[in-house]
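Please go over the structures that come below.
Below, chain A partners chain B and then partners chain C, in two separate complexes.
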Partner chain A sequence: MDLTLLVALPVILPLLFGAVSLVMLNNHNVQRWLGAIGTASILIAACALLWQCREQGILVLEVGSWPAPFGIVLVADLLAAIMVLLAAITGFATALYSLKTVRKRFERFGYYPLLHLLLAGVNGAFLTGDIFNLYVWFEVLLVASFALLIQGGERAQMEGAIKYVTLNLLSSALFLTAIGLLYGLVGSLNMADIAQRLTQVEDQGMVTVVAMLFLIAFSIKAAAFPLFFWLPASYHTPQVAVSAIFAGLLTKVGVYALYRVFTLIFNAEVEFTHNILLWMAVLTMLTGVLGAAAQFEVRRILSFHIISQIGYMMLGLALYTPLALIGGVFYIMHHIIVKANLFLVAGLIYRLRGSFELKRLGGLYKDHPGLAVLFLIPALSLAGVPPLSGFFAKFILIKAGVEVHAWWAVGIALLVGLLTLYSMIKIWNEAFWKAVPEPAPAIPAPGRNGLLYWITGSLAAMTIAIGIFAEPIYQLAQQAAAQLLNPQLYINAVLGADSL
Partner chain B sequence: MTSLLAILIGCLYAAAIYMMLRRSVVKLVIGLILLSNAANLLIFTAAGLERGVPPLIEEGQQVIAGTAADPLAQALILTAIVIGFGVLAFAVVLIHRACEVVQTDDMNEMKGTD
Partner chain C sequence: MTPRFNMRSLILNTGATLLLPLLILFSLFLLLRGHDEPGGGFIGGLVAAAAIALKLFAEDYRAARTILRVHPLQLVGVGLVLAAGASLPAILVGENFFTAQWWTLDLPIFGSLKLSTPLIFDIGVYLGVIGTVLTVVFTLAEAEHS
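Up next, the complex of A and B:
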């Protein structure tokens, strides 16, 4: 088999399983099996892809054998391969979690096909090397996420969905506008080709304008300050499995797009663009964590923390030094697993207690000490307590900030870490530590939650493993960051070495 | 022609944003429709306007002689129209359901999840 075909597998597999799953819409058992097997197969493909990327460098597939820059290319550099693997892990965990938690009614409305479609969109966005194709994958994952978000049709879901849909469509329109202007400037859609031709554009001011349009469009998707309002309004409304995969993946597609575009294409006016990114990153961290401090519902607290964590990832890009990019990539790896896991744990709390409201929770540590441990690992990792994964992620970023004397950013990053710890301790105190509130809420009939414990346990084990084996993960992030900082590697891989 | 279209596109964007800032959800969707049309027209204009020169290669030639209309921009717009249509169809159904469930079309009344 041609090795480059491996690049297409993470996109083709979910589309294939999604299509079959759609045909078998009335057969619940087959759908559930397809959900588990499909996501497992993506996981295997993603592992193989990352392995090959490390062995052979950047892999490029020219779709339909149309040579770049004329045809669409799929490109797997290390960052893309890492993201695909993380998406596959989250997808697999969520699909298994869904087996136990998603109601039959939602399965009949196409839960599993939508899940596959969402994964196809996410993986496509990570792997494509064509800017318009990126827009198309964004729309694919958006449409799937719209439908997943409103499954259930409750009032809160509708209200949240209107904001989610509106702001995401606004962002798509801005993205499309930016693509149109960029195409007008350089006459190409292939990202490597654009990067090369942009240096010859006379009107560099126009290039910066287009860069800002991309920045706005992607930062809406990534839920960065000041355009994050759709996220806390909507992420806590759907089923927990859906919240988990949204929290793990969707905003990170926006972050990935920022990383891709602002390292490969718009890397000429770094003082200007990345300075704006720095301010956005700092404000995103701060507003997210302050928003979380005011919330008393587990999923809302976690939603606001997604925003503040996005700030850290943008910080890595904004500082734009080798170490900072390593920190950013490391942070993404740590964050996706931890965040998805926290939502899954929140789902377990709901299954055991029938509520997400901190006021109505309590006594979980006494009744379910195992769950308490499973909560504590990702929660402390999110706050950055050593030796868990979050500590190393924050440590690298803060060290990078100190190196370039970005004291403001460093100070706020440390403060936000502290406030994150405060939020996590708030959940711990209220849900686990304090006594069961009076009058005792009706506890739902105990179901069998063994599988759910295994899933969250495995993700927690991954968090610990990233912390303990930080060195090899650091090296992986280092290689990914080296590729990002040397865009000529990407350009040569896509267009051939003698392209200039 | 280009400047005329540029003014038209600017007006469309302005009208779209204005409609999206209104309180009615129906106007919100109208704003989204205008916005996607404005973006499509912008691609069309930014790629360069060429009237009456289809991008056809003469028999026996390998490349187009002289200038011709850019077919790629039109392909992009076609894709964007199809995607936009699908997404807006979803948005229309969504606001219909939302109005049924929430019993109002006023965005200010839909603050339960903020």
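Up next, the complex of A and C:
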């Protein structure tokens, strides 16, 4: 099979499966099967893509045979392939989880087609090599996420959705403006071509202005400080499966976009741009974790922790040393799996106790020790307890910080780790350890949760595996970071070695 | 249906009956013309959707649903399948994903007929646009209906 086709598969498969399940709108069983089979096939394609990326280097597909930089290219370097694989894992887990948890009413309103569309948007954003096309994929995933977010139509959902939609549209407008200005500067939309031409632009001040616009646009989408508040306002409102895939993937598309443009395109004035990134990273970490401390609803606590974790990922990019980028990539790999898993566990808590409020929970350890273990693994990993995946992720980042004497950032990263542990212990104490509160809240009728346990169990096993096999994962992150630090590899892969 | 929303008028009704086939034909004309000249799936789809919306105004929601026969979202689905499917023939002949493929058919009377994957893509867009617009229109009409 043609290798370059592999680059298109993660985008075209969800689109096709989504379209077919839209045709089968009235047949719920077929839709469910398509959901499971579709996401499984993406997972297989994503594994193959990562494998080939390691073997062959950066894979480029010129869509429709229009040569770069004129046509749209899909580019899979290691970072993109890793992100696609993580998206596929989250997508597959969510689709299986949805089989048991999504209500019939939502299925009729196109839950599964939207899920496929969301995955197509996410994968498209990871793989595209064209900055305008990146904008389009962002819109695709946002449209799908808007619809998924408000399924159910409750008051809290609408309130959250308004903030979510407004800020994301603002970010999209800034993004589009930035693309327009950039196109005015260099006359190209192909990212590799832009990177090459930017060095010849005389007005480097303007380049920095455009870079800042991109920074603001993407950091809104990544829920970084200061424009993060749309996230905790909305992520706890939809169904658990939707929360989980949002928590795992959506903000990380923003982080990925930051990694992409600030390593490939805007890498000239690192002193200035990455210093701002550093401050944003530190403040993001801090505000996220402090926000979580004030919350007493499981999903809201977890939502605030997404923000603080985004800070760590940005820290990796901001320090901009080889080790820091390795740490950032490692952190993304660890975080997506752990975060999605924590939301899925929260969903199980809800199914067993009918509430997300810590006040009304209790006694879960006594009644469901298995669930307690399934919560502890990702929770401790999130806080960075060895030997779980989070420990290595934080360790690499902090070591990278120490190497460049970024003491402030290192100190705050350590403090935030500690506060994360506090939050996780809070959930543990309240939901699992303390006795059932009086008067005992009504417990929903026991359903069959075997499949759900298997899903969260598998994700927890992955967390442990990333911790145990940290060495090969580290090497993978190292290769990805090496590609990021040498943008000429990307440019040559897209435009050919003899360009310029 | 409450009298308040009954917009039935003989003129509109007769006009819509006459216009509907013409508008559909015109939309198909726009769709097929679109490759080399102004037109295409998007604008054609809008015209076709307008034709069915006209039916809705002239008669009622049920009449409009009847001539569409399927749920408009399913139309979007079929359109997306066609549009996405148009990317695949290129792979079969070993070219890059989404490369346009052209086939020429020699017909006895009409002369040669050019068929292509961009045409399939455009038909997909056509159906997708009809489906999307009508989903919106029907949802609003339904809300008024109940």
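Throughout what follows, the second predicted complex is superposed on the first by the 500 of 500 C-alpha atoms of A that agree within 3 Å, B and C clash if a C-alpha of one lies under 4 Å from a C-alpha of the other, contacts with A are read in each partner's own complex, and residues count from 1 in each chain.
Criterion: contacts are C-beta pairs under 8 Å (C-beta built on N, C-alpha and C of every residue); 3 or more make two chains touch, one makes a residue touch a chain.
These figures come from a predicted structure and were not determined experimentally.
Undergrad: Applying the document's definition of touch, where does A:M212 land relative to chain B and chain C: first, second, both, or neither?
TA: Neither chain B nor chain C is touched by A:M212.
Undergrad: Which partner does A:S234 reach: the first (chain B), the second (chain C), both, or neither?
TA: In the superposed model, A:S234 contacts chain B only, not chain C.
Undergrad: Just chain B (first), just chain C (second), both, or neither: which does A:I162 touch?
TA: Only chain B; A:I162 stays clear of chain C.
Undergrad: Name the contact category of A:V436: first (chain B only), second (chain C only), both, or neither.
TA: A:V436 sits against neither chain B nor chain C.
Undergrad: Which partner does A:G64 reach: the first (chain B), the second (chain C), both, or neither?
TA: In the superposed model, A:G64 contacts chain C only, not chain B.
Undergrad: Determine, under the contact definition given at the top, whether A:L25 touches first (chain B), second (chain C), both, or neither.
TA: The second partner, chain C, only.
Undergrad: Based on the superposed arrangement, let me know which partner A:T4 touches: chain B (first), chain C (second), both, or neither?
TA: In the superposition, A:T4 touches chain C alone.
Undergrad: Please tell me which partner, chain B or chain C, touches more residues of chain A.
TA: Answer, by number of touched residues of chain A: B.
Undergrad: Could you say whether A:L176 touches chain B, chain C, both of them, or neither, answering first, second, both or neither?
TA: first
Undergrad: Provide the residue numbers of chain B that touch chain A in the complex, in ascending order.
TA: Residue positions touching the partner: 20, 25, 28, 32, 35-36, 38-40, 42-43, 45-48, 72-73, 76, 79-80, 83, 86-87, 90-91, 94-95, 97-98, 101-102, 107, 110-114.
Undergrad: Which positions of chain C touch chain A when the two form their complex?
TA: 71, 73-74, 76-81, 83-85, 87, 90-91, 94-100
Undergrad: Spell out the residues on chain A that touch chain C in their complex, using ranges where they run on.
TA: By the definition above, chain A touches chain C via 2, 4-5, 8, 12, 15-16, 18-26, 61-65, 110, 113.
Undergrad: Which residues of chain A touch chain B once you look at their complex with the stated criterion?
TA: Residues 132, 135-136, 139, 142-143, 146-147, 150, 153-156, 158-163, 165-166, 169-170, 172-173, 176-177, 179-181, 183-184, 189, 229, 232-234, 236-237.
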